[in-house]
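Structures incoming, each one as structure tokens.
You will see two complexes here that share chain A, one where it goes with chain B and one where it goes with chain C.
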Partner chain A sequence: MNAFPFADYLVTAIFALAVGLTLVGALVAALSTRIIRGVSGLMICCVGLAGLFYFLNSPFLALMEILIYVGAVCVTIVFGVMLSEPDEPAEPEKPGRALLWGGTAAAICLAVFLGIAHLAVNAPWATPAKLTTDGSVRAIGVSLLTTYSLPFELISVVLLVAILGALVIARSGRTKE
Partner chain B sequence: MNHLHQQPAIYLVLAAFLLGAGLYGLIRRRTLIGMLIAGELIFSAASLNFMAVNRFFAPDPTVGQIFVLFIMGLAAAEVAIALSIIIAVYRNYRSIHSTEMSELKG
Partner chain C sequence: MSFLALEPIRVLLYLVGICAFVGGNAAYLVLAERKGAGRIQRRPGPNEAGWAGILQPLADGIKLLAKQVMVPPGTDALLFRAAPLMVMAPPLMCLATIPFGDTVVARNLNIGLLFVFSFGSINVMALMLGGWASRNKYSIISAARVVSQNVAYEIPMLLVVITLLMITGTMDLNEIIKQQAGWFWNWNVLKIWVNPLMPVTFVIFFTCMLAETNRAPFDMAEAESELVAGAFTEYGGMGFGVFFMAEYANIVVGCCLATILFFGGWQSPFGALSDGLWGPIWFLGKTYALIFTVIWIRWTFPRTQFYSLLNLSWKILIPLSLFTLLLTGAMMKLPLLFK
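After this line comes the complex of A and B, so read on.
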């Protein structure tokens, strides 16, 4: 088939690495007790997701995932952690209550996970007969400027309003005292 | 031959797992920043789901990518707003634990 007989195993190994990074990162982000470890878990999860986006034929979104999530969102959350020191130890819950609520939350989330996974695996998905575009960066750019030009402009307005709102909220807290 | 990375079930189950982990974090976390992180996990689950369906079952593979791009933009805006709210709350309460913000509670 090709000159490198182990290339398939290599691709599978990289895919398994991406899946494993996503799983481990999500678990760390959800379960760790210290916030800064949770942020690191979110970073690991986003790197794994970028790998998965690459496998899903979209290197552009893999780049954007690393640029926006790891580079902007996680760093901003780290700044928030630094400014608000969330790690002061809260008084420990009574073990019975912790077990009860933890068990309830875990049961709810396990039910959601199993239900959606069951639905997704058993759904009668229809594979399309033929593709209308090739999904390249060029095709994305063309449809962003033709079909999706209105949402594109709206999202820039949303970002502008978000930046202004963040500035106003953070500033009004400062002038009060 | 059918490669492992060309089976949509893996991506969809992984997205469901991300949603479950995000929900658990959203329920169990005590601080606002922890809940924000869990919310980001749920956004990631939605993005992965869109991308998987877009890659395997959509006739136009640009639509899902553009939608995920918009999700990323909205997530960035949400983080900016949420962090400024968290910092304002921290200035007033000297704490961001969700149990202590109970002034409106009857």
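After this line comes the complex of A and C, so read on.
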């Protein structure tokens, strides 16, 4: 990108687009009353996040974000919704209960958010001296199997538990009511 | 000239070229499809507009453009309008990283293969949103089918690709092509000394590609005889047209990928004449041969039943692709033990 006249503006604009997509998607996901629209918002949010990952020099992660979250997670959610939920507005809750549960949820969310924000502001950040990987398959494979082998193995345990859970639920088959 | 050499301008020009390529392909593949169907069913196919029907796509396009795009009442209008766009955008993105020749590529990425697959996976979501937003029971059944079909066939496809990735050791599409240089037995589809099941791997890949692009005999998304037009039932005019363009664009992307992964991309079959203008000629020749096979299969085999479609994936293709994965791993690593 040698001496393209508006290179800086272009990069800033694309970055703003990624941030905007993330925020708008998150807002749509949280505020929408129709659950399918909420999932669409989640999808937009994931695409925006992928853009942010790309700006953080990890194109592999960006593409994985799209492949897994848009291509698999959102599709599975919509599939589940389509099989279970008729698209009709839910019955209005009693205001007292709604206030109680909403208030509890808001308090917990605020506490978690404040805690994470406190950590993020005060904890020392490990800044890598150089670009740790070039995003190639080899670099990612090596780092997954050496530096990060414990998280990598733990993920496989999580997957195993998920598969076992699915088997337990599905074991009785279709015959049992 | 120096202005054209700037990277953003070059990529932009390539993208314009890709849009034209996709549009032209969609138009003329529809004609090829109808002609092929005609030949196979012993009738001439469209032959009125222009010489041998050569202007038929133009007439179709004008007809579709002149129609009003209806949004039926009761639909989710926003998603209904967004779905055709979402189904069209990913194949355009994918083509940006497909190398048509040694240097003829919009943007060569070192993870190009992953790029194609991650954007290819958005397609399902778009079809499903289109089906759901139509608020029509046929569309919703079709959308549910699209998802279960795509989830089922995504697995053997990715397993096959992982097998290939173990052999090539790179996700750079151009690098994968360069490894297949030389005579045609160096193409991945015939590398039986790496894995004797390589041709079978290609058959799995091709079957999954047909299923992922919702082509007959796996076109459960648009089973006209039972679901009117499946997810596209409520779409009219260019909304419907865009879905069809996207289907053909997806076929082109799938066949390009098959050419790259299994048939040596822009390499010639005899180790010479693959530089310069010859590269794209070989590449497009192989791709169109595969596209012809896709059309040929569609008009030769009847539509399968939905359960047998899922059984084919879960009971045959997935175990088989897992077996080829293990076999390739064993054949690559076992000789190292006895050194």
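Please note the rule applied: the second predicted complex is superposed on the first by the 116 of 177 C-alpha atoms of A that agree within 3 Å, B and C clash if a C-alpha of one lies under 4 Å from a C-alpha of the other, contacts with A are read in each partner's own complex, and residues count from 1 in each chain.
One rule holds for everything that comes next: contacts are C-beta pairs under 8 Å (C-beta built on N, C-alpha and C of every residue); 3 or more make two chains touch, one makes a residue touch a chain.
None of the values given here were measured: they were computed from a predicted structure.
For chain A, the partner that touches more of its residues is B, with chain B and chain C as the two candidates. Contacts of A:M64 after superposition on the shared chain: both chain B and chain C are touched. Once the two complexes are overlaid on the shared chain, A:L83 sits against chain B and chain C alike. Of the two partner chains, chain C is the only one that A:M43 touches; chain B does not reach it.
Of the two partner chains placed by the overlay, only chain C lies in contact with A:L10; chain B stays clear of it. Touch criterion met: A:V75 reaches chain C, while chain B stays clear of it.
Shared contact residues on chain A (touching chain B in one structure, chain C in the other): 60, 64, 72, 76, 79, 83, 134-135.
Taken together, the chain A residues at the contact with chain C in this complex read 1-4, 7, 10, 34, 36-37, 40, 43, 59-60, 63-64, 66-67, 70-72, 74-76, 78-79, 82-83, 87, 134-138. Of all the residues in chain C, the ones that touch chain A in their complex are 6-9, 76, 78-79, 82, 109-111, 114-115, 117-122, 124-125, 128-129, 132-133, 135, 140, 143-144, 147-148, 150-151, 154, 165, 169-171. Residues 3-5, 8-25, 27-28, 30-34, 36-38, 40-41, 44, 47-48, 51-52, 54-63, 65-66, 68-70, 72-81, 83-88, 90-92, 95-97, 99 of chain B touch chain A in their complex. Within the complex formed with chain B, the chain A residues making contact are 8, 11-12, 15-16, 19, 22-23, 26-27, 29-31, 35, 38-39, 41-42, 45-46, 49, 52-53, 55-58, 60-61, 64-65, 68-69, 72-73, 76-77, 79-81, 83-84, 86, 88, 90, 101-102, 105-106, 108-110, 112-113, 116-117, 120-121, 125-135, 139-140, 143-144, 148, 151, 155, 158-159, 161-163, 165-167, 169-170, 172-174, 176-177.
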